[in-house]
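Supplied in structure tokens, the structure appears directly below.
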Amino acid sequence: MAGSTLGIIYRITTWGESHGAGLGVVVDGCPAGLALTENDIQLYLDRRKPGQSRISTPRKEADAVEILSGIFEGKTTGTPISLLIRNTSQKSRDYSEIADCYRPGHADYTFDRKYGFRDYRGGGRSSGRETIGRVAAGAIAAKVLREFGIELFSYTKSIGPITVSPERFDRAAALNTPTCMPDADASALAEKYLSDCMSSYDSAGGVIECVIDGVPAGLGDPVFEKLDANLAKAVMSIGAVKAVEIGDGIEVSTRNGSSNNDPFRLENGKVVKTSNHAGGILGGISDGSQIVLRAHVKPTPSIFSPQNTVNRQDEEIQISIKGRHDPVIVPRAVVVVEAMAAITILDALLVNAGAKMDHLKAIYKS
Amino acid sequence: MAGSTLGIIYRITTWGESHGAGLGVVVDGCPAGLALTENDIQLYLDRRKPGQSRISTPRKEADAVEILSGIFEGKTTGTPISLLIRNTSQKSRDYSEIADCYRPGHADYTFDRKYGFRDYRGGGRSSGRETIGRVAAGAIAAKVLREFGIELFSYTKSIGPITVSPERFDRAAALNTPTCMPDADASALAEKYLSDCMSSYDSAGGVIECVIDGVPAGLGDPVFEKLDANLAKAVMSIGAVKAVEIGDGIEVSTRNGSSNNDPFRLENGKVVKTSNHAGGILGGISDGSQIVLRAHVKPTPSIFSPQNTVNRQDEEIQISIKGRHDPVIVPRAVVVVEAMAAITILDALLVNAGAKMDHLKAIYKS
Amino acid sequence: MAGSTLGIIYRITTWGESHGAGLGVVVDGCPAGLALTENDIQLYLDRRKPGQSRISTPRKEADAVEILSGIFEGKTTGTPISLLIRNTSQKSRDYSEIADCYRPGHADYTFDRKYGFRDYRGGGRSSGRETIGRVAAGAIAAKVLREFGIELFSYTKSIGPITVSPERFDRAAALNTPTCMPDADASALAEKYLSDCMSSYDSAGGVIECVIDGVPAGLGDPVFEKLDANLAKAVMSIGAVKAVEIGDGIEVSTRNGSSNNDPFRLENGKVVKTSNHAGGILGGISDGSQIVLRAHVKPTPSIFSPQNTVNRQDEEIQISIKGRHDPVIVPRAVVVVEAMAAITILDALLVNAGAKMDHLKAIYKS
Amino acid sequence: MAGSTLGIIYRITTWGESHGAGLGVVVDGCPAGLALTENDIQLYLDRRKPGQSRISTPRKEADAVEILSGIFEGKTTGTPISLLIRNTSQKSRDYSEIADCYRPGHADYTFDRKYGFRDYRGGGRSSGRETIGRVAAGAIAAKVLREFGIELFSYTKSIGPITVSPERFDRAAALNTPTCMPDADASALAEKYLSDCMSSYDSAGGVIECVIDGVPAGLGDPVFEKLDANLAKAVMSIGAVKAVEIGDGIEVSTRNGSSNNDPFRLENGKVVKTSNHAGGILGGISDGSQIVLRAHVKPTPSIFSPQNTVNRQDEEIQISIKGRHDPVIVPRAVVVVEAMAAITILDALLVNAGAKMDHLKAIYKS
């Protein structure tokens, strides 16, 4: 089934495998008249590139984007924007071992069961490289949103047992630490933790948080196209994510209504809330507060330790996964979460344009 | 925007407000040839009805379903099944107070901002009664799934600080305890806790778990129509849900790969896993194991305690919410979570029918 | 498959069979704030009711609409509008003959092949009564469109060999003649023609034209959601329609470019065209001129003359169809074509709201 | 809006402009396990290439396709197939004249009104080159369909006043004549006619017919996803098409029921029809007969004769269109119609896989 398209008005279609010719995305429904260059997109793609630090794979990926359509005289034309990123550093090597076996924690087995066979080179379509198209589309969405005063910020909240401290929280740091933590001290601890993981041939998970400021009240469509429902889908569709929280998330289940409700009050004549446990969404519709979501990311399933598994010939075997692998997925997934959130918010904003007669009359003055 | 439709092949469209003429759902795409009666649906609807216990609202709702179309000689015809549930017990009372103010934790403010005004009677479309259509559609989905050996079971895992004990876990109990807990002792404690909440004019949250057995490997479509992504959307779209977990969910973020990966092994010549941290889904595709998900539900926002808020005239006011309210949403939402899961799994099963040439040739023998 | 839903933002879901409990439609995505009563819808439904004249079936159908949701204080709330029309005049009679055989020109055979069996009472879902939901949804769409100065007018252009004369064309007549022809003389001739058809136990076809004034330039989305493509789908989806033309339609194939192109010119400073061969659509986008389309409708397949066919037991048989049948579908389908056009234009108008940054900034003043 | 995606299970997304970097399509939902090479696609693309004859533009277009994803070891993997066709022969020339004016019969004016500006080089997204993605996707669809014994054949039925003769009809000729007419004599006459058109600086229209054999009964989904409705949309979405007919099409409006109905009979124990006025579709569902459709194509709007129009500065002007233009669109559009039909039939076949419980049980043996 066609599962590679997302969105109603701002609609993205991604394609590509880890070791094929390349990866890309078609962004359809981007409003016409936005100034857009390859650099706008490259900045986002560079954020998901492996860095030079110890905690990231040493392989070099250029991941240079080429805009193939949809831009004229530097502006979006309203027609599909096709983006291409060639695979360049994927060496052809011997995949016969993983071709034949089902790596634990990977999608090898399920792809084989679903499709009858699979592109086993580097995980094929289930590779983390699949997210390149998402990030490229998210870069464009984020640029559109900035025109409406909407800003996204995402960062690593924790890696294994190491969590950023609210006291040392520093937005600027998130773009500079190799962990994408907005707390240099926590980041140093996390690097140490990851180094230990690698020494024991193991990997780690973590938590990514994304906050979105400036979203006007009114986005999201009851009852199935609720903003939180679509954010949950968008973020849960990222490979290694196993849980999604909105606002205070799992904590609400142990709360009482009196402490969980966010009272409304006036601030300079504007309705605001005195707290934001809801994470900016009430009844599936944005309430004008900061939107807050978190993604829980599993540890990298590729580990060097020997593991028990089964091969395609239905034999029980033991494997040790070779090759280059990040000990943690989180830092490189931070921009992916941000991209998915941007795509979802923009689509809701476009869809909402026709929500009431007043909106429409502002456009079509009959 | 049209947000009341969900699904690709098995597609449901719900409608209705708390105090309008009724509520309902159109179920389109149900395979032809399924035996179906109103009783099949009523059994599910009865599970979300308020009971007679202390922890549920004393109001009586008949919620009797009428099948208006799509069934002939006792079987589904393949054409849309329209279901109607008349509102009967909704008394017309004075809503002038809530008509005018924004109740904390409710969607009053956001509906007003989105649409310019709202049906304020009992929450209108944002009422919990909106889930009636979901449950009715889920009853049909669950019946189809049973034909393929797929069984869903959902229950209350915790209410406030009270959690069911794995040792005392008893599936049968979940259908008998007023809390829907599969543990009579925990249920008694939870009832006591809720009674205390009510005494202090407050409310509680909780956690619902749904497990699904018998799902064949291969359901779910990379990369955006992943089974876990669609489950997350379906469940997060339920009013009070603020977090969704798949498998071990949030716990994976503090795990290592070596303990989080599920090794494959053979059992009677069949590939199985020795553990199920993944909750039955790998790479967005079912792996043949039990599917496990959890929804975190916020406390009922309607509480009797006085709360600060703002009215439509932009005045800061204090309100005390009157009327009949459950002190906890969880027990009545258990069947809603199950329904949304059933709808999602069935749609994935139908969509997957065309995944490979072999499937198609089994149907169309050319 | 779920084939009973149409539209992206203004989305309708119809349901119901000829002899079931009733028929209806859920209209989702209607902008909030439109004044709407049951009478607005009933006026359209009455236009498809059988009249009292000789050329229409003598059966009486009340077809009274009930609004079940989505309206509050006389205005649309932005949530789904559910409409119910109970079947009241469908007598239970002996259907054993048609239950068993495949009527030529009907969908009996194809429904049986697709679904394995069918609701044979009065054609079930393939009955002309299925269009009731379309007309009800079209009535609402047309009311929204009028708020933007968009007016639809549809009429019978021909019945069998009788065509309306451009010289005698009179819009008002179309609502008064039993044929819906805007030409009383042609209508009288057509009535005579139909009377002759009935005498010879036969039926007739015809052509319906729909013109739409006031559509702003810019509606329709290249390359698959073109306005003409969606109009073609909407109109071809009406039971008996076998061809759809836009503008000059089939005539363009024998034209030259010099005579088929519509030159642009200025009129009071506004860009207009000196002719309208294109029927108001260029490149799939409305050009601000009158939109013109035509539907070619086949003769009623139910005729009293004996016909050869096959039954479910694979025996060749001869049947003579009994019961009440219009000798021509066209007059009652006029409002159906208009409804489908209204639904399509409104959806394009809503979808187009997000086409360019300027539009969006008119709504979201950041 | 995202208008460049079509289909539910077999879903295509096209992109690209006449003079941008290239054009392409992402084909998602193609069943896994189909042998597929670039040559399979190139054969279709070559059919829409301009030939060497007098009636086609002398420009040379390589239009070589590159498969970027979705194929592994020579077979489709079930994941998106991305196809790229670089623009190579588009010379950069002076477009300042057409940049500024609205060519009659083209989409210049409507794109400007919709999006605020447009890519004016060679028509941008509204160029005939847009169909390259459709043809590539259609080539794949046609290959899948052949595996089920479904064969498509399309050809030029008429050009201007010249129509192919049923007596001289020869399928093989359609692939050899420069007009794609299956009648060498008619083709010679049409070439002469077109030559005359060119001499008078004018252009011609025509009719394309597509017939599809081997379609099993049961495809198409009432009431909006009817097979004829989706064929009408698919074909009407091709740039210059102004009318679509199914079966006998416009002729049915002047017929009687007795002559238009197709009687059923038995042939070797199989239900067949003695005639096929319906064109293989009854009630929107394929009936097992040959599917027949026709597209009416307008004359090329680009003509050398001077034409009156308006420029972007709202001045009335006269233009003479320079450059290379086919005097008729029809021969190159033949394969486009065939491609759109193939895409539509395949999607209906995949969607229908879940229509009845029996189908599903053939796949999922529980």
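Just so it is clear, A, B, C and D label the chains in written order, and each chain counts residues from 1 on its own.
We adopt the following convention: a contact is a pair of C-beta atoms (placed from the backbone, for glycine too) under 8 Å apart; a residue touches a chain by one contact, two chains touch by 3 or more.
Note that this is a predicted model, so its numbers are computed, not measured.
Chemist: Under the document's definition of touching, what chains do subunit B and subunit C have as common neighbours?
Modeler: Neighbours common to subunit B and subunit C are A, D.
Chemist: In terms of C-beta pairs in contact, which of A-B and A-C ranks higher?
Modeler: Counting C-beta pairs in contact, A-B comes out ahead.
Chemist: Please name the chain that ends up farthest from subunit B once chain centres are defined by their CA atoms averaged.
Modeler: Of all the other chains, the one whose centre lies farthest from subunit B is D.
Chemist: In whole angstrom, how far does the Cα centroid of subunit A sit from the Cα centroid of subunit C?
Modeler: So the centre of subunit A lies 44 Å away from the centre of subunit C.
Chemist: When the centre of a chain is set as the mean of its C-alpha atoms, what distance in Å lies between subunit A and subunit D?
Modeler: 38
Chemist: Express in whole angstrom the distance between the two chain centres, defined as the mean CA positions of subunit A and subunit B.
Modeler: That pair's centroid distance is 26 Å.
Chemist: Can you list every residue of subunit A that touches 2 or more other chains, as numbers and ranges?
Modeler: Each of 1-5, 8-9, 14, 29, 32-33, 78-79, 114-116, 125, 222, 351, 354-356, 358 in subunit A touches at least two other chains.
Chemist: Spell out the residues on subunit C that touch subunit D in their complex, using ranges where they run on.
Modeler: Touch residues, subunit C against subunit D: 1-6, 8, 14, 102, 104-107, 109-111, 113-116, 125-126, 130, 158, 160-161, 197, 201-207, 217-226, 228-237, 239, 242-250, 252-258, 260-266, 269, 271, 274, 278-279, 281-288, 296-303, 305, 307-310, 314-316, 351-352, 354-356, 358.
Chemist: Applying the document's contact rule, which stretches of subunit C touch subunit A when the two form their complex?
Modeler: Listed in rising order, the residues are 8-9, 29, 31-34, 78-79, 144, 147-150, 214, 216, 222, 349-351, 353-364, 366.
Chemist: Residue numbers of subunit A touching subunit D in their complex, please.
Modeler: Those residues of subunit A that touch subunit D are 1-5, 7-11, 13-17, 20-24, 26, 28-29, 32-33, 66-70, 72-73, 75, 77-82, 84, 114-119, 121, 124-125.
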